[in-house]
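In this document, chain identifiers A, B, C and D correspond to the written order of the chains, with residue numbering beginning at 1 in each.
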C-alpha cells in the first residue's frame, strides 16, 4: 500500500522566530519512505539533528513575513497492522535500556495517579498485549472522541475528568494507564489514511512481547494506513512544530493522505 | 573542600522487585569523586547503563527479604559556587542540541502554563542569569520552604497553589518558570553540606551565558557544598531509586554529609 | 544552487545477502534536501538506524536475483565553500567530546606514523586551518590523483609509498596527516558537481576554528558543488553500501549530478 | 570473588599536556565495583564523559612537574568465566545496531585481509562460538605470546607476519579473524588476576549466541579473574591513557591485582 502524505503550513511571522520542525518521517520496520519533498520558503539556513527519541528535527529561524513549510512523502506501508493477542508482559528487569524512559510519568501522562483505574480496567486480563487492548477498548467506550484539534493540550487526569477529548487526549490517557501497569507506552504523531476530518493524527504504542505495537482508541477497528512522523513521551515531545517566543499559529494548514499506485 | 557523602538505605522486600538506582555521582567540571563505595546486600547481579541525561543507573532485582544499598563517596568540590550576574540569555537557535529538551514542559513542570507569572516576576530584569536569580528570589520570598520530604511529588501548578513545599517542589516551580521564558532548566538531586535537617536534596540549574548555573531557593545565600548525583527534566527522571510494582519504602534511610581532610 | 544527485545501483544476488546502505543524505548546516527518492526493488522490509557518526543507515537483506537501489535527491547548497585562512588550532582540551574520536588512528589512517612528515609539510604554518591547507596543497602537488575507483582500499602508509591514488586515498593520507598534528579530521563521501569522470566522491574535513571545514586535494581550486552523504573515521565507516558474506559487486552503477533550476 | 586492582602512574610533565584517561571500570553484568579510589595529583579540574563505546573517560590537562594518577577498585566478579560451546553465529541482519561497528576493520585489525586464513582455521567448525574458540586455539598454538609490553602497537597483519606478540597483539589478530567471518569482536583492556608478570592486560570478546563472550589466547585455560576497564574497536580506542602532544611515558607504573576477603 503506497500513501502520499502532505503537510502544507503557512505562518505569518511578526518577529524572527526559532522553530524546531519534526516533519521528516523516517523509514522503519513498518514504513519505507520512497519519495520525499521538503520545502521551506523563504530559503533558510536549516540544521538537522536527531533528538533523544530518534526523531529527525530541523532547526530554523523564521524571518518576518510569510513563512511556509511544505512536506510531502510517498510511503510504503502494510495494509494491515500487527496484532498480537496474548503477547506477554515484559518484566521491567528485561526491558531494553532505551525503553525504560517510557515507563515514567511525563507532562501529559501522570501515570503515577492511575494504578487503581488501570487495575480495574484490566482486571482478569492476561498481562501484556491483552491489558493494553482492554485499555484501548475502555477508552473507546468511555471517553468520547471529538475529532478536530484543541488549542492547548490537557493531561490524562483532565481527560479522565472531562470524559472526552481529541485524538491526542485519548492517547495521553491510554499511555498513562499502560505506564501505571509498568508497560512502556509512547506517543506517536503522524498521518492516518481516511481519517475524517483529515488532520495530523496522534495514537500510542505499547511495548509488549518484545516490541512496540500500535493502539488507537479513536478508530473502531484495527486497520492499516498509519504513517508515523514522530515519537515521544507525550505531546510535549512530539509537536510537528515547536516554536519559541510569542505564540504563532498557522494561517494555512492543509493535511492530505491519498492512496497512490505503486 | 572534600566532602564525604553517605546514603544508606534498607528495604524489606516482599516480592522480587526490580529497582533502578541512581546513586553513583559522576566526576564533572565541578566535582571529582576521589573515593567511592557502593555495596548491595545480598550480593546481586547488577547491570549499569547510562540514561538519556548522562546519569549512571544500576538495574537490579531485589529478592525477598532485607535489601540494603550502601553508597559513600568522597568528593572534591569548590568552596564557592559560580555566580554570573549579567550572563546573557541564549537564543533558542543558538542552544546546543542536547539542551533543547530542557525547554519543554515535563511531568512536574508545566512550563506551558507559567508565562504570565514568569514575565511578572522578571519584569525589568536583564534577560538571562538575572531573570533566573529573580525567579529564585521570588521563590524564596513567596513559597514557604518546609524541609523534609513528602510522600508524593506535586507539580509546579500545585506548588504555586499551595504556596509551600519541600526542596523538590521549589525546584519544580523554578524550572517551570525558567522554561516558560525559553531558558533551559533542569532538576538536580544530590547532597548539600549542612542541610538541616540532613536528607537528600534537590535544586535546579539554568542554562544561561553558555553553561549551566546552580540555583537553590531553599537556601538563604549562594554557597558551596553541593554534590550532584543525578540530572533530569524533573523528579520523574531523577529518583535516586525507582522501583516497579507495589510501592516499597525504605525501613532505614540515613544520609550523611561530612567535611573531611584533604 | 540546486543539484540533483542520483545513484542507481543494480546487483545480481546469488545468496540472500545482508546489506547496510548509507545513501540518504541528511539536511545540515550546508545542505538542505528539498526532494528525495529512495527505491529498492524488489520491495523489502528495511529498517533504518543512526550510526555513531550520525549517518542514516538502512539495513536490508537482499534476496536472490536482481536487487536494485535507486536514490535521487535535490539538494540546495551554497555556490561557494567556506574558507577560513587563519582559523586557529583548537587545543585538545577544548575540543567537544564528540570530536575526540576523529583524533585517533583508524583502519586506513595510521596517524600514529605520520608526525614527522606532517611537521615537515606544515613547517612555518600558523597552527590550524593553514596547516590543513598546507597538507591539502602538498597532497595536490605530491600524490598523483588517478580518477576512478580501485577495487580495494589501501591505507595512508601505502598511499604515501605509492605516491598516487584515487580520491579516497588522498583523503586518507590527508586525514592521517591532520590527526598526527592533533587536528581532528574525518572522511566524507558524497557527490561533487562536474567531477570528471563522474562517480561517487570522497574528500575530508578538518576541525579548526571551532567547526568543520572541507578540503579536497583532488580538485585544483576551492569551489562549491559538494553534497555529503556519509561521515566517518575513514573508508571503513563510510561505504555507501556494506555487504556481508561473499563479495558482491554492482552490475550497474550510475552516478549523476546535474544542476537544476530552483 | 573479590579483587582489588590498582593502577599507580607517575609522569614527569615538561609542557602542559592534555590527557584522556580511561581508568574507571564500570559495573556491568559480570563485575560490580564495590569500592573505588581515584586520585590525581596535583589537584586538577577534570571533566568526565562517556565515549561511543560506553567507557567513562576523564579529560584533564597535566601541568608541568610531577603528575600522578592513582586508581584502585574492589571488584566483585565470578570465579568462572562463561563458556558456551555451540552458541550460534548471529546473522548480520539480526545483530543489534550498536554491535555492527564491531564488524568493520579498524586501525590494528585489518579484517578485510583475513578471510582466507579465518576460513582455514575454522574449517569444519560449527558457526559461532566454536569458530571463535578455534581461532583462540590457533592463536595459542601459532603465535608466540611474549609477556610484557611493546613500545608501539602493531597491526594484525604485522602480528601474523612476526608470529609473536604481546597480549594486545594476539587480541588484535583474534579480532581481525573473527570480523572477517562476520562475527563482531572487540578489544578489552583491564586486569587479570595472577597475570605473570603483572601488568595491564588485553583480551578480546566476540558476539555469538546473542551476547559477548570472553576469549584470551595468552592463557592456557578458561578461568575467571578478569576486570574490564575499557572496550573499543582495538588499541586505538582503549588506551588507559591517551596523551596529546610530544610523547610522555610514565616514570612509574605499578599495577596490582590482589584477591581480598568479601
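FYI, contacts are C-beta pairs under 8 Å (C-beta built on N, C-alpha and C of every residue); 3 or more make two chains touch, one makes a residue touch a chain.
All values reported here derive from a predicted model rather than from experimental measurement.
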Neighbouring chains shared between chain B and chain C, ordered by label: A, D
Farthest chain (mean CA position) relative to chain A: D
Centre-to-centre distance between chain C and chain A (centres being mean Cα positions), rounded to whole Å: 36
Centroid distance [mean C-alpha coordinates] between chain B and chain A, Å: 30
Separation of mean Cα positions, chain D and chain A [Å, integer]: 43
Sequence positions of chain A contacting 2 or more other chains: none
Overall pattern in which the protein chains touch one another (line/ring/star/complete/other): ring
Contacting chain pairs - touch in the sense defined above: A-B, A-C, B-D, C-D
List of chain B residues in touch with chain A within their complex: 18, 20, 49, 51-52, 59-61, 91-93, 97, 100-101, 103-107, 109-110, 112, 152-153, 182, 236-237, 242, 244-245
Footprint of chain A on chain C - complex, ascending: 26-29, 32-40, 43, 45-48, 50, 54, 56, 58, 76
